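Each structure below appears as C-alpha cells.
The two complexes that follow have chain A in common; it is paired with chain B in the first and with chain C in the second.
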Partner chain A sequence: MKPTSLRSHEIPFALGAPSLIWQVLFLYLPMLLIVCTSVLSFSAAGKIEGFTLEKIFAFFTPTYLEVISSSLLLGLSNALLCLGIAYPLAYFMASCGKRCKNFLLFLLIIPFWTNFLLHVYAWFFVLEKEGFLNHLLQTLGILSTPIPFMNTLFATMIMMVYYYLPFMVLPIYSSLEKFDARLVEASLDLGATRAQTFRRIVFPLSMPGVRAGFFLVYIPSFGEFAIPELMGGDKQVFVGSDILGDDTGSLGAAFAVVACSILLLSCFAIHLGLHKVTHALQKS
Partner chain B sequence: MQEIELKNIKKSLTEGTILSGISLQIPAGKFFALLGPSGCGKTTLLRLIAGLESVDEGTILLGGRDITNLPIHRRPINIVFQNYALFPHLNVFDNVAYSLKIKKIPKEIIEQKVIKILESFGLENHIYKPTTRLSGGQQQRVALARAIVNEPAVLLLDEPLAALDFTLRERMLIELIELQDTLKTTFIYVTHDQFEALTVADQMAIMNHQGHIEQIGTPKEIYEFPASSFVAKFVGSTNTLQGTLQKTSPDPQILVPDLGAFSLFIPEYKEWMQEGADILISIRPEKMFISKQELPNFSNRVKASVEAIVYHGRSTQYNVVLHNKLKLQVFEQNEEHFTQEDIDYDNEVFIHWQKESAVILER
Partner chain C sequence: MLCKNHKPRTLFTCFTIGTFLFLYLPIIVLLVFSFNSESFPSPWKYFSWKWYVELIYAKHLWEAFANSLLIALSATSISLLLGIFFIFYLAQGGKIKRYIYLYYGNLVIPETVLAVALLGFFTLVSIPLGLITLVLAHTVLGVGFAIPILHARYQDLDPRMTEASLDLGASPMQTFFKVTLPLLRPSLIATGLLIFIISFDDFILAYFCAGSDSQTLSLYILSMLRTGICPVVNALSAVLFLLSSLLALMFFSLQSRAKVF
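Then we have the complex of A and B:
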C-alpha cells in the first residue's frame, strides 16, 4: 500500500533533512574552506595567487611534530585513564538495581549542568598551593611543605579525566546494560572461570561501547586547548592552543589540516589496536 | 553417565521460599523429566544442580561425590538454556568449541570433535555462520551441540523447546530421545508441558505449586496411576467424582451425593481407605464410553446430556453434563467411518466406564 511506503522511505528523509542541511552548511563547508585555505597562496591584499603545498610542508619540522605528538599523547593518555576508571564504574552501574542505576546516571550527568569555567575554578581551589589537596596532605602528615599542583601536567590530566569521564562511562554503560546475563551463566557452565568469561564474553561484547567511548574522549582531547591552557599554564604546547595562537589564519588552517590528517591516521591505528587487543584477550 | 542425588535441598530466593526440602534420586543414564506448573521451582532446582545458584541447605551428590560446594565451572554438568544463550559475537564453530578451547585441548582435536558433532546435527553447511543467521531449530541444535561436545556426566535442559513451533518441537523431541539413547548421558529435562515430559521421559517427577514432589515414576505409571488429584489433573485431562467410600457391600463402592453409588476396584487397601472416608475417583476421558443406549458389560453408567461436541480428527471429544450439573469429558476414537451412532447436541446419553479404569484418591 502506498501510505506505508511513504512512511518507510520519505518521512525519515524529511525528518533528517534539517540536520543534514545544518551539517553541510556549518560543518562540511567550513572544513572544505579550511582545506582550500591551507593549499592556496594569497597576496598581501588577500587575493588568491595560486596552489601551493609550501604551507603544509612547513609544519613537518621537529618543533611542530613535537607539538602534534604531545597532543596525541595527551589524547591517548586521557582516553586510557578514562577507560581504566570508566569500565569498572560502568560495569558496576549496569549490574546494580534499577533505582540505583538511575541514581548513578543522575550523578554522572550533574556536572553537565554547571558551567565549564566554574569547574575549572573549583579545581583551582582544590589544587592551588594553599588549596584543599595540599591542606589535606599536610594534615595527614604526608607532606611537610605544600606542592604547587597548579600549572603542571598533573593538573591538566586531572581536569581532563574529570571532564571527559562521562563521555567514556555512558557508551560503555549502555552496551553493558543490554548485556544478557545468561551469556555469563552459559560461559561459566561451559567451564570458564569468571576471569575467562570476562575476557572472552563480556569484554568483546562491550567493545562497541568501549570503542565509542574511546573515540569520544580521544578525538576532542587531542584538540583540547582550554584545559591545558588554564590548568597547565604555558609549559606544554598542544595543537589546540598552537592553532589558536596563530594570527594570520592561513597558516593556522594549514596546521589544522596537518594535525587532523595525523589524528585521522592515529584513529585508524587505534581502531586496529582495539581489535587486536580483543582478539588477544579471547585467546588467552 | 552418572546419577544425581538430591538430599533435603532448601532454597529461598528474594521472592520467598521456593524449595523446602527436596529429596530426589535421578538414575544414571536415564532421560529424567521434571514436570510442574510455572513458578513451582523446577528451574531453580535445575540451576542448583548446574551450580548457577547455591543451596541454602542440603546436599547434591553426583555419582556419590558431594558436589554441593563445587564451583559451577568445575562441575561436569552442562545446561541447555531456554533461550539457548548462544554467544552472539562467535560463529557456530566457536560457540561449540568454547568449552574445548577453555580446556586448552589441541586445535586439531577441537576441530575434529566440533565438526563431527555439527555434522551429526545436520549443521555441516552452517559451521562458519554467525549464530544470529540461523533458524530457531538450528540455534537449538547449536546450543545442544555446545553443551554435549565436552561429554558432560549430566545434561540439563531447561524448557529447551519452548520457543519452537509445534511440528519442529515434535521432531526435536524424537531427536532428543535418540541423542540420549546414543550418548547414554543422564538427561534432566525441565518442562511445564506434560506432552513433552510424557514423550521423552524414562522416569519423571511431578512438582506441585508449593515446590513439593508429588509423584515419581515412569510416564505410564504417572498417567495411569496418578498418586494425587493434582497429578491426575496436571498430567493429561481427567474426570473426577467426589464421594465417600462404602466398603460394607460385597463390592466396594463410592457414594456420590445426588448421583448414587458406583462400584470400585481396589487392588490393595491403603490405611486411609476407611469406611465412610472422603475419596475422589479419577477416570481418563478416553476410558469412558458414550452411547445413546445403555451398554451391557460395563460396571458403571450414568445418565448425561451432551453439551458440546468437538471433532479432533482422530478422536471426538464430548462435553457432557450430569443432572447434578457436574461436567465430564469423553473421548471417542474415530475408528471407522460412520460407525458412530449419531449423537447430537442436547441428546440424552449414557456414560459408561469399567471400575478398573477409575483411580481412587484420598481427598
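Then we have the complex of A and C:
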C-alpha cells in the first residue's frame, strides 16, 4: 500500500481525472454517436423517428461484402508480410551488441518518423513509368520497355509493407530483447536442436510481441485509405475509401460501424488463431 | 544474445542489410534528385541548390508548416498535461486504475473510423472545423499513448522513494512535484516526442477535421502530390528528413526510450 495522507474524497474526481473526461467526450461519445445515427431513422426535418436496422442491413450486399473482404485480405496479407520480414530483422537486432542494436533502432526510427506522404512521394519517384526503377532496369538491359508499376496492387502492397514494417519490428524486438538467453542454453544442453529450441522456447515466449505487432499492423491497414488511394489508383476499393468517400455522413457512419464490428470479430478470430499456432508449434 | 557464433548469422546480416536498403533506397533517390538542376523526369544533369531556394520562397508551404507545428505542440502539451493529472490523481490515492482499459480504445479504433466519428460529433455540437478541432482530434490520439505509457512507468517506480519522502516530512504535494515527477521526466519527454511526431505527421485526421481553410503540412504535401512530381517536394523531404533525424537522435539520448517501445 502506498501511504496517502490525502484521502481520495478530498480530491474531486473531475479535477483529478480530466483525461477520463476527454476520453469520454472526444472518443466514446463520437463513437456512440455514429452507432446511434446508424441504427436510428430520421425524418426529413432531422427528427428521430425510430429504431431501424435497415441502414446496417443495406451493407450486406455482394458489392459491400466484397469491399469488406478485400480489406480483410489487405490487412491480413500486409500483417503476414510484415511479420515475415520483421521477425528475422527483430531477431537479428536483439542478438546484436549494444551499440549495433541502438544504431539499427535509430535507423529504423528515422523513416518511421518522417511524414508519411513523403514516403508515398518517394515511391512515386521510384515506381513511375519514367522513374528510377524502370530507368535502372533499362540501363541494366533487363527491360526493353518500361513497366507502369504505379496504380497497381503491387505498388499498394510495397507501400503498405514499407510503411507498416516498423510497427511490427518494434514490439517483436522489445519482447526478444528481454528474452533470457540462459533458456536457450538450457534447452540446447538438454539435447534439443536449434530448430526445436526456436519452435518450443523462443517463438512462444516472443508471442506477446508478435501479437502486439500483428494488431498494430492489421487494424490500421484494414482501415487504410491513403495508400490504396494514392498508390493503387481506383482499381481496387477498400473499406477506408468507402467510409470516407461518402460525404452525406449517415451512410459513411453506418458503414464505419459495420466495418468496425467485422474488424473486431476478425481480431478475435486472429487472436484465437495465433494462440492455436503457438500451441501447435510447441507440440510438434 | 540469441544466436552468437552461429552459421546462419551471415544470412541474417544479409537479410538485415537488404531490409534497410528497402527502407532507405527511395529516400536516398529522393534526396539525390533534390540537387538535380532539371525537373523530373529528366535524368541527372548537374548539381544545383535551385529547388532549395524555391522552397524558401514557398510562402504557403511555410504557413502550413507553422500550422502543423502549432497543432503538434498544443496536442502534445495537452496530452502530457492530462497524463500528469492522471498520475497526480493516482499518486494521491485516487481510484482511477480500474478505468485504465478505457484508454486502450484509441489504438483499437482505426483512424479512419475515428475521423468519421469526430467529424460527426464536431458538426453536431457545431464547433467550426479548423485548427481547434485538429488539436482536439490529435489530443485523442495523444492521450491514447500518454496514459498507458505513463501509467506503466509510474507502476515501475520504486515505492520506497515516495515512502522515504513522506517519512522525512514532505507533504504529498511536495513528494509528487519533487520526487515522482522528476523520476518520470525522461518518460515524459520521450512520450512527448512520440506524440509530437504522430501529430505532426498525421494525415487522415487532418484530411477530415481541418475544414476547408486551415492547411497543415500533410495536406499541403497532398495537394502538391496531386499536381504531379515537383522537385520542391524533394527539397522539402530532405529538410524534414534531417529534422526527424535530429528528433530521433534526441529521443535516443534519453535513457527511457527502450521502455516506450
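Assume the second predicted complex is superposed on the first by the 265 of 284 C-alpha atoms of A that agree within 3 Å, B and C clash if a C-alpha of one lies under 4 Å from a C-alpha of the other, contacts with A are read in each partner's own complex, and residues count from 1 in each chain.
Just so it is clear, a contact is a pair of C-beta atoms (placed from the backbone, for glycine too) under 8 Å apart; a residue touches a chain by one contact, two chains touch by 3 or more.
Predicted model only: the values in this text are computed from it and were never measured.
K.L.:
Taking the superposition on A as described, I'd like to know which of chain B and chain C A:Ile201 touches: first, second, both or neither.
P.N.:
Touch status of A:Ile201: first partner only.
K.L.:
Check whether A:Ser266 is in contact with chain B, with chain C, with both or with neither, and answer first, second, both or neither.
P.N.:
neither
K.L.:
Comparing chain C with chain B, which touches more residues belonging to chain A?
P.N.:
Higher number of touched chain A residues: C.
K.L.:
Taking the superposition on A as described, I'd like to know which of chain B and chain C A:Thr193 touches: first, second, both or neither.
P.N.:
After superposing on A, A:Thr193 lies in contact with chain B but is clear of chain C.
K.L.:
Could you look at A:Glu130 and tell me whether it touches chain B, chain C, both or neither (first, second, both, neither)?
P.N.:
Touch partner of A:Glu130: chain C, not chain B.
K.L.:
Could you tell me if A:Ser71 is touching chain B, chain C, both of them or neither one (first, second, both, neither)?
P.N.:
neither
K.L.:
Could you say whether A:Ile85 touches chain B, chain C, both of them, or neither, answering first, second, both or neither?
P.N.:
second
K.L.:
Go through the superposed model and pick first if A:Leu20 touches only chain B, second if only chain C, both, or neither.
P.N.:
second
K.L.:
Taking the superposition as given, does A:Ala226 touch the first partner, chain B, the second, chain C, both, or neither?
P.N.:
A:Ala226 sits against chain C, while chain B stays out of touch.
K.L.:
Mind working out whether A:Arg182 is in touch with chain B, chain C, both or neither, as first, second, both or neither?
P.N.:
It touches chain B, and chain C stays clear.
K.L.:
Write out the stretch or stretches of chain A touching chain C in their complex.
P.N.:
For this pair, the touching residues of chain A are 2-8, 11, 13, 15-20, 22-24, 26-31, 33-34, 37, 85, 88-89, 91-95, 102, 104-111, 113-126, 128, 130-132, 135, 162, 165, 170-171, 173-174, 176-177, 179, 181, 184, 194, 202, 216, 219-220, 222-226, 230, 239-240, 243-244, 249, 252-253, 256, 259-260, 263-264, 267.
K.L.:
What residues of chain B sit close enough to touch chain A in their complex?
P.N.:
50-52, 72-74, 77-79, 81, 83, 85-89, 98-99, 102-103, 146-147, 150
K.L.:
Tell me, which parts of chain C touch chain A in their complex?
P.N.:
For chain C paired with chain A, touching residues are 1-4, 6, 12-13, 15-16, 19-20, 22-27, 29-30, 33, 40-41, 43, 82-83, 85-86, 88-89, 91-96, 99, 102-103, 105-121, 123-124, 136-137, 139-140, 143, 146-147, 159, 162-163, 166, 171-172, 197, 200-201, 203-204, 207-208, 217-218, 221-222, 225, 229, 233-234, 236-237, 240-241, 244-245, 247-249, 251-252, 258, 261.
K.L.:
Sort out for me which residues of chain A touch chain B in the complex.
P.N.:
180, 182-183, 185-193, 196, 200-201, 204-205
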